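Each of the two complexes below includes subunit A, the first together with subunit B, the second together with subunit C.
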Partner chain A sequence: MKGMLDFYITQFKIELSSHFQYRFALLIRIIVLVIEPVIYLVVWTTVAEAHGGIVGGYTRGEFAAYYIAWMLVRQMTVSLGPSDVEDLIRSGELSAMLLRPVNPFHIFLASGPSAKVFTFLWLMPILAILVIVFRPTLSPALWEIATFAAALVMAYILRFVLLWAMQMAAFWITRASALTGMYFAAEFLLSGRLLPISMLPLWAQQIGNVLPFRWSFGFPLDVLLGRLTPLEVGLGFLIQVAWLLVGAFLIKVLWRAGLRRYSAVGG
Partner chain B sequence: MSYLRLWWVHLRVGVMNELQYRVNFFVQLFNSLLSLGVGLAGWAIVFTYTETLGGWGRAELLAVMGIHILMGGLINTFIDPNMIRLMQEVRLGTLDYALVKPKDAQVLVSVRQTDFWQMVDVLIGLSVLMVALLQLKSQLGLWQTLAFGVALLLGGLMIYSVFLMLATWSFWFVRVGNILQIFRGIYEAGRWPVDIYPDWLRFGLTFLAPVAFAVTVPAQALTGRLTPLTLGGAALLAIGLLSLSRWFWNFGLRHYTGASA
Partner chain C sequence: MPESAIRVQSLRKIYNVPVREEGLKAAFRGLVHRQLREVKAVDGITFEIAPGEVVGFLGPNGAGKTTTLKVLAGLLHPTSGEAQVLDYIPWRRHKDYLRQMTLVMGQRGQLQWDIPAFESFELCRAIYQIPLSDYRRTRDEFVELLELKDLVQKPVRNLSLGERMKCDMVAALLHRPQILFLDEPTIGLDVTMQKRIRTFIAEYNRRYGATVLLTSHYMADVVALCKRVIVIHQGRILYDGSLAGLVGRFSAFKTIEFTLENAAVDLSAYGEVLSRDDGHITLRVPKSETSRVTARLLTDLVIDDLTIEDPPIEDVIERVFAQEKIE
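Our next item is the complex of A and B:
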């Protein structure tokens, strides 16, 4: 256990120092990150203004709050790319990683926290600017901020675990990224990324409640904006845990089966 | 004339090359349909809450989306692959092989690569546009169609110029591989007519990354919103950007020493 902790701490230090090398890449990331939610914000603000300043239960200021917090959640929950694991398996890079005494799953997961700390550092000033420009309405209670943070961490881990589990399909099929593509498409609509979940048609909301997407993105946002009752928040955490268990189980099973197949291919 | 032939030859080779990989067609089709589905869902949801968006109706916005997909397909087929290859070759030093050829280097680096299967998006974009036009039930006159074609061409030229300028940066900064991502991010904004955006963003979408001219202006042409003034402005800006990018390219080329030198 102590060895594992050491590993996570060392990986944290290595990754953190490497982030500071690429300032230009960071600038690009900032621009790309800011544009997407600003587009949605502008669209919904336009709609709201044409309908007496409120639409779908959100005022202009609340939309601003939603999409500014959106940036924080997006940056904090983003993890594996669409074909990270697939590339690893297809290119054979995995072989080298297997020689190390830690499961590659942990190598990837451990590289997360440092990236998040770094992200948090540069994101704060940008969010501050956006708050000035778009003047959001947001006044969360202290307990809401605390639960928001907890829900956010859970969302990050959940998304990582699910993506990892899914991308392990690359052990069996060569175009596993098609699977991830479908995941991202569904996530785009049902997670709260395009719009707050409460604005979806009712049937879509019900589907979204059962699927994991909402719980790995929109849930912390809804908590922060005070859209959920304490009961719903508790229920949300339970669903997060449930999906996490599903993901962990899948990884356990698929990893073992996949590795057997992988070594067979590599000869 | 000889440059047209040069382009044609490269195009043919590129297409033949891609025809070898037919599965890629299905992969592309799958991805395109997926993003079409997502786009349509977003469009439908917005219109459950309103009848117009910034003065654009349901079918009109569908037309905007069609043009957005269409133009995106054109960019990904003809412009993007060439610029990626250019930036790669600057890094590897293999650009020298293109530069020693007895033809204009800018033309050469702009026509070498064609990502043929991306044409799927052009077809999908056209289909969406057709459906939108049918819903609009508007009688398209000859002039409107012509103006649409001209606006689309001008928009494409502007986007090409911006891409070339972005890629030219690689002469100084070798690691700019993801600079094109900025463009892709900004291009997404073109899914909606640019008049809804706040001034600072609209300025960027008009002049820095001319998404406004590439998508919104052609859509204006089809929906009877285009003024001759806008079209004239587009022509001027296209000429301006083309010359600027040409100048910047030559300027950058003088700084290029080749990796082996």
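Our next item is the complex of A and C:
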């Protein structure tokens, strides 16, 4: 356990120093990240104004709060690309990783957060400007901020675990990234990324509550905006844990079977 | 310490490779019915290597060397047969086994491109959970042996191929593995750099008593490092024994070199003239004829500086591979 912690910290530090080389690339990524929610924000505030100030239970200021916090959540939960495992297999890099006594899962999970340190630093001034321009309605209590932080960390881990589990398909199919593409498409609609989940039709909300997407994106947002009762918050955490267990189980089974196949056909 | 560090028994690895004829029609047919062809990469090999031994694993491309190394490093499941390395079954990939071995594959390294090698070494420390004092001592020792002091602080992408491979070698050995699988560790390097890596491997073997199984196309590597060689061809072992024995067994010829006062003499009656350079002659003769031809040369002609030698090891190896099966 101590050894693993040391590994996580070292991997984090090393990735951090490698990101120093890509400061500019990260800035570009931030700009791309900001453009998407700003478009939603402009659209919905305009619609809200045209409808006498409220749409789907959101005022103009609440929309602003939603999409500004959105940027933070999106940035903090982004993890694997669509084809990370596939690329590892295709490039033969997986073989190099398998020689070492640490599962590549940990290497990827540990290196993710380091980029976030940089993007967070870039993001802060941008968020400050957006707050001045769009004047969000947001006054979370201290416990809501703390709960939000916990839900956010869980969302990051959950999304990572599910994407990793899904990418295990690369052991069997050559273009497994198509699967991840489907995941991203469903996530776009059902996670709260395109619009707040409460604005979806009831049936879509119900589907969304069962599937993992909301719990790895929209849930922390709803916590921060104070849209959930304490009971709903508790339930949300339970669902996050449940999906995490499902993902972990899938990874355990698929990784073992995948490796068997990988080592049978030759890396 | 087990009696043998590496034990391989009737090891086979067969790949099923899809075959497809050319053209769109064949592509469609392949959708429904995939034809597979069996390729025997390793076809029932058996050998043992003692702890601390350095063995050269020789064979032409596609002979099965890399496949064997990958099986022994735990990257491949064999089709059948057994293998034990330090009493572990490699493909079970036990963490304790992985901590005691390394596989270096030529130009495919473990170093991260954007950061100095020094920092990648630090990651190795964390991955292999090397105690800090051991880590520092080993790292400094290797850095000195390979003269890397000024290089390890530069981002890896700014290093030359040779410099990078030296750093890679350090990264692969920081955890001081007992078993080294080296697949073309000097490929693409200039002669000086090859020599440096070679000396380093020899020194590592001497200091830590590690067992080394090495493939290389550079015979100089093999001659410098290995007393014993295993020759593999088309997945089967052709020869397993001393390097000197390989030459004795597979070379049917010897070369006689001498200087001749009268350079114009016709020598075709004595043997095949390999080179004729300003009176300096190299003659190839069948091994059994060597003494007779030498005696005749000395009687018939006025000769200086006569030496008899085995042909270069490269020629012997080439000859071994040229014959499909010997004996």
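Note that in this section the second predicted complex is superposed on the first by the 266 of 267 C-alpha atoms of A that agree within 3 Å, B and C clash if a C-alpha of one lies under 4 Å from a C-alpha of the other, contacts with A are read in each partner's own complex, and residues count from 1 in each chain.
In this section, a contact is a pair of C-beta atoms (placed from the backbone, for glycine too) under 8 Å apart; a residue touches a chain by one contact, two chains touch by 3 or more.
Because the structure is predicted, anything quoted here is derived from the model rather than measured.
Asks: For A:Q206, using the defined touch cut-off, is the partner it touches subunit B, subunit C, both, or neither? Pick first, second, both or neither.
Replies: In the superposition, A:Q206 contacts neither subunit B nor subunit C.
Asks: Touching A:Q11, do we find subunit B (first), subunit C (second), both, or neither?
Replies: Second partner only, subunit C.
Asks: Of the residues on subunit A, which ones does subunit B touch that subunit C also touches?
Replies: Overlap of subunit B and subunit C footprints on subunit A: residues 22.
Asks: Can you list the residues on subunit C that touch subunit A in the complex?
Replies: On the subunit C side, the touching residues are 15-16, 41, 67, 70, 73-77, 91, 93, 95, 98-99, 102-103, 105, 108-110, 112, 114-115, 119-120, 122-123, 125-129, 155.
Asks: Within their complex, state which residues of subunit A touch subunit B.
Replies: Per the touch definition, subunit A meets subunit B at residues 22, 24-25, 28, 31-32, 35-36, 38-39, 42-43, 46-47, 50-51, 55-56, 175, 178, 181-182, 185, 188-189, 194-195, 199-201.
Asks: Using the touch definition from the top, list the residues of subunit A that touch subunit C in their complex.
Replies: On the subunit A side, the touching residues are 3, 6-7, 9-11, 14, 17-18, 21-22, 92, 95-96, 98-102, 259-260, 263-267.
Asks: Mind pulling up the subunit B residues that touch subunit A in the complex?
Replies: 27, 30-31, 34-35, 37-38, 41-42, 45-46, 48-50, 52-54, 173, 175-176, 178-179, 181-182, 184-186, 188-189, 191-192, 196-198, 201
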